[in-house]
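Worksheet for the structure shown next.
Read from first to last, the chains carry the letters A, B and C; within each, the first residue is number 1.
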Amino acid sequence: MSKHSEESMEAGVDYMTDARAIAVGENTPGCKKRDPIVVAENVTRTFGGINAVDVEYLEIPRHKITALIGPNGAGKTTLFNLLTGFDTPNSGKWQFEGQSIAGVSSYKVARMGMVRTFQLTKVMGKLTVMENMRLGGSDQPGERLSKALFKGMWGSREKEITDQANVLLEKFKLDTKKDDYAASLSGGQRKLLEMARSLMVRPKLVMLDEPMAGVNPALTQSLLDHIKNLKAEGMTVLFVEHDMNMVRHIADWVVVMAEGKIVAEGPPGEVMKNPAVIDAYLGAHHDVDLGDSEGIKALEQELVADEESIVGTENAGIIAVDVVAPDMQETIRTDKDKA
Amino acid sequence: MDFGFILASAAGELFSPTTAAYALAALGLAVHFGYSGLLNFGQAGFMAVGAYGFAISTLSFGAPFFVGLLIAVICSVLFALVLGIPTLRLRADYLAIVTIAAAEIIRYVVTTNQLTSVTGSANGLAAFEGGFYSMNPFPEGDYLGMNNRDFFIRVIGWGLAVICCVIIWLLMRSPWGRVLKGIREDENAVRSLGKNVYAYKMQALVIGGVLGALAGMVFTLPRGAVQPANYGTELTFFLWTCLLLGGMATVLGPVIGAMIFWVVLSLTQGILYGLIESGAVTWLTTVQAGQLRYILVGVALMLLMIFRPQGVFGNKKELAFA
Amino acid sequence: MGAIAAATVAILLVAAPASLAATPSPTPSPSNQQFQNNISGFLRDDARAPIQGVKITAKNGDFTGTATSSANGAWNIGVPSQGTYEVQLDESTLPQGIKLAAGQANPRSITFSQTSNVSVIFAFGKGIVVQQQDFGQNLLNRLVAGVSFGLLLALASVGLSLIFGTTGLTNFAHGEMVTLGAVLVFVFNAMNLPFWLAILLALLGGGLFGYAQDAGLWRPLRRRGTGLVPMMIVSIGLALAIRYVIQFYFGGATQQLPFAQSAEIQIGPVSISPNNLWSLVISAIVIGLIGIVLLKTRLGKATRAVADNPALAAASGIDVDSVIRLVWIVGGVLASLGGILWAYYRPGVTFDMGSQILLLIFAGVTLGGLGTVFGALIGSVIVGIFVELTTVFGLAADLKYVGALFIMIVVLLFRPQGILGRRERVG
């Protein structure tokens, strides 16, 4: 009931220009939000004795774009997996739109309107772009075995889904490709397709895991615009990203994780000056501006020389890998695929 | 060497009931692997469940034909559920190992002497086909050179194959089939779109398994006997060869694959035996010629998988794993 | 057009009944001229001297097979199908002064279990009485036998697990590597080479075979970027091809390695055949060595690094290809050794002996956790013990493998990653 009244209260609000404060009170780690869509409490997950995720309290603000950042291994993707039911935590509870979804299976979470994408883009290469999109369509009776045999029972819904897909494909400039196999798309186009496909579910919260990774710089701007548009259309966005440029440009709110914990929260400008963040990200290397790609390259060189740094080891180049070494990223991804 | 006879034998394999059974079972594998990505290495087990389910319900409980058929199908559904529950949440290779193990368990259980009164152990069961042939609408006589029994089983076997092909074709072009194809490629992506992947995989496993059970019945009816030795792991691997020959993500592929498989086997066998009998080949005994077929199948399976995984008719672009 | 098609169909259908008659067997199978199933045994008197020229018959329905024991006391009757046979020793053909021991049933009924070979032991002389063991004694004996069996399984499964760990391949042709070891010993021994040399050459042959497989097939496939599932199917084709190539040359009969028959000896409370004892000791030592190599040496660390993350290992300067090659060689040697020990354990050498335990090897590996070497060891020993113990607790002997396969499925239900395996991360 309260949800309804809230929505009607906000009916006149333009989400793009809404400048009301996001947090209630101080911008401290785990602070309460004016209007949270996701609330997580005491979510922990250990891998072989290491705390991959140990989040005491986190709220994600509704109708905002929230960036989840942190060094590699900070537990961002694991937190994504936990929230969306793709992994089971050791403890904790969390709710989406006021409804507890702890222990709810991933597909039910998606049906409730919390849809995610993956760090390694998951498009169905052997299906056409259009079929990929249709796969996202909801309430298709033809997806039930009992009705699949009879086209009469699902044909009309299929038309609606196709229309919806056409609109989205046009928006994402994939309409000319709709009959091609998705395998023929470039990395960036796949990211777009994956995002468009997730919108077929008509989500309330879109969770993007590294939407910019592997995307050709020419597509970067249109991807950023698409994400902003999601907010304009009333959706909430939570994304994991290493690219500080992107975070600075589009995020309304930034949550910083390190070693599984939330170490800082706040608007992007404020967070990037936070010493805890700089520490978590860089250790001793604070004198570099993360906000531009030249800075990252400089940092990279510095880190390679540093023995204690992860750069040059297993996790080499994960910080803004697409800026530093696009080739290497390809190999890392294929290896992960194999694993 | 009588080439006419060899060719006639080979051509006869095209529409033999055994080929129909292989086609049905391979179609089941296509549903499992070709469309859903489920590695079922125990299709022989499903066939055994179908054949024994039917034979035992007929012989031990005196069930009429259609009741026996129903029992066999129900048994295969249960078998699929038992296999699916522990494995469908796991990685694909676990299903492979569990299905092959389960098929062997079935074979051991029907072979054991503890159950001879029910299963006939190694000798198997016989004389359960009366109910089937009593429904034969064709009066005695000559049907294209066959007697009415042979003709009847061909009509039924291939009729069933055609019906199943149509059903599978309809299913696979539906949104249901689309979800399956999505799962074949990336089940987590499908899950993230709000589909209950586990349920879909289970449905696919059951449908392919039922096709296997039907195949087991078509396989066993013309013989009038069911023996455990016929349902070893080799049978499963032959079915995979059929599937790969025809193309795994197609409806007609398994049928054509089964035809090619049997025609080629019959041809090589006929020619080899002919050469041995005529004395042209002396370095081979007829026993060894028989073993040569297995070697051929093995080599064919490898070469197909390496060089033409989409099969003779498949579309490489749709091949999920190449 | 339609007429032609109809005519073609008619011709095909006309030809059909003849073809059905021509191929009565459902799966392509060799003709019955040389039977694949054997009932066999050795006749020896109480002083263990062979008894020659004794006539033995086996009957089942209208089939009757006869054999006469040879100079070394061996006899063998090929039978068309596995089933229950009545085996009778013609006592009138026994040499003077030799009689069946008291309590020896003759004729007796014997039944095939999983193997294509059944051995029947007729005991002679006064001294030998077949004893009924008490339950505890039996349990202990089976337990020791199970450990021995489990360790020989472990030899094969450690190799399989190493290969899986380093290359991701689930190798269905591993059973044939097991067979090859035993077959090679038999072949070299038949060439009158000394026994120790035959074994050495067989192990060498197994290693070579592993190397050849990797170099000729798997490495090129890895280079092509062939997926794991296609490789698994290729390995099935390979298994089928090798198994029947072996049968092509080796034949379908069961052969015995030298010293295959041995009386059980008593060690403390346990009675065990010397062969089983040797097997236990040898496999324990070899597995111990493998463990030490894996844990302590540079090579072992490199192997584990490759198994953990091949790309990272390559980046750290490990020559991944040579590690994989080595793993294949070692896997081949271990499988051969396992095969030789398996030939003594059953006892007998057949072309399909490896594929018979392939699933038990898989069960061991899966139980322990796919890709974990020590898991494979533990899993195999559990499987071995389980297989042997189920017979003590009343499961029929011809169902003893069922128990092991069943327990594997049950374990997957509750601990899918196996005993030592790790859970995977998604996304």
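Keep this in mind: contacts are C-beta pairs under 8 Å (C-beta built on N, C-alpha and C of every residue); 3 or more make two chains touch, one makes a residue touch a chain.
For clarity, every value in this text was computed on a predicted model and none was experimentally measured.
Chain closest to the overall centre, judged by the mean of its C-alpha atoms against the mean of all protein C-alpha atoms: B.
Taking the mean Cα position of each chain as its centre, A sits at the greatest distance from chain C.
Ranked by number of C-beta pairs in contact, the top chain pair is B-C.
Chain B and chain C have Cα centroids lying 27 Å from one another. Distance between chain A and chain C, defined via averaged C-alpha coordinates, is recorded as 52 Å.
Remark: chain A and chain B have CA centroids separated by 45 Å (rounded to whole angstrom). Counting partners per residue, chain C has 426-427 as the residues that reach two or more other chains. Residue numbers of chain A whose C-beta contacts span two or more other chains: 86, 118.
For chain B, the set of residues that touch two or more other chains comprises 188. Considering their complex, residues 5, 8-18, 39, 41, 85-87, 89-94, 96-98, 100-102, 104-105, 108-109, 111-114, 121-123, 143-147, 150, 154, 188, 219, 222-223, 229-230, 232-235, 237-238, 240-241, 244, 265-266, 269-270, 286-295, 297-306, 309, 321-322 of chain B touch chain C.
For chain B in complex with chain A, the residues that touch the partner chain are 167, 170-171, 174-179, 181-182, 184-186, 188-197, 203, 317-320.
Note for the complex: chain A touches chain B at residues 84, 86, 105-108, 110-111, 115-118, 122-127, 131-132, 134-138, 140, 142-145, 148-149, 151, 154, 158, 181, 183, 194, 197-198, 200-201. Interface residues of chain C, counted against chain B in their complex, comprise 9-20, 22-24, 26-31, 33-34, 81-84, 111-112, 114, 170, 221, 226-230, 232-234, 236-245, 247-248, 252, 355, 359, 362-363, 366, 370, 396, 398-399, 401-402, 405-406, 408-410, 412-413, 416, 424, 426-427.
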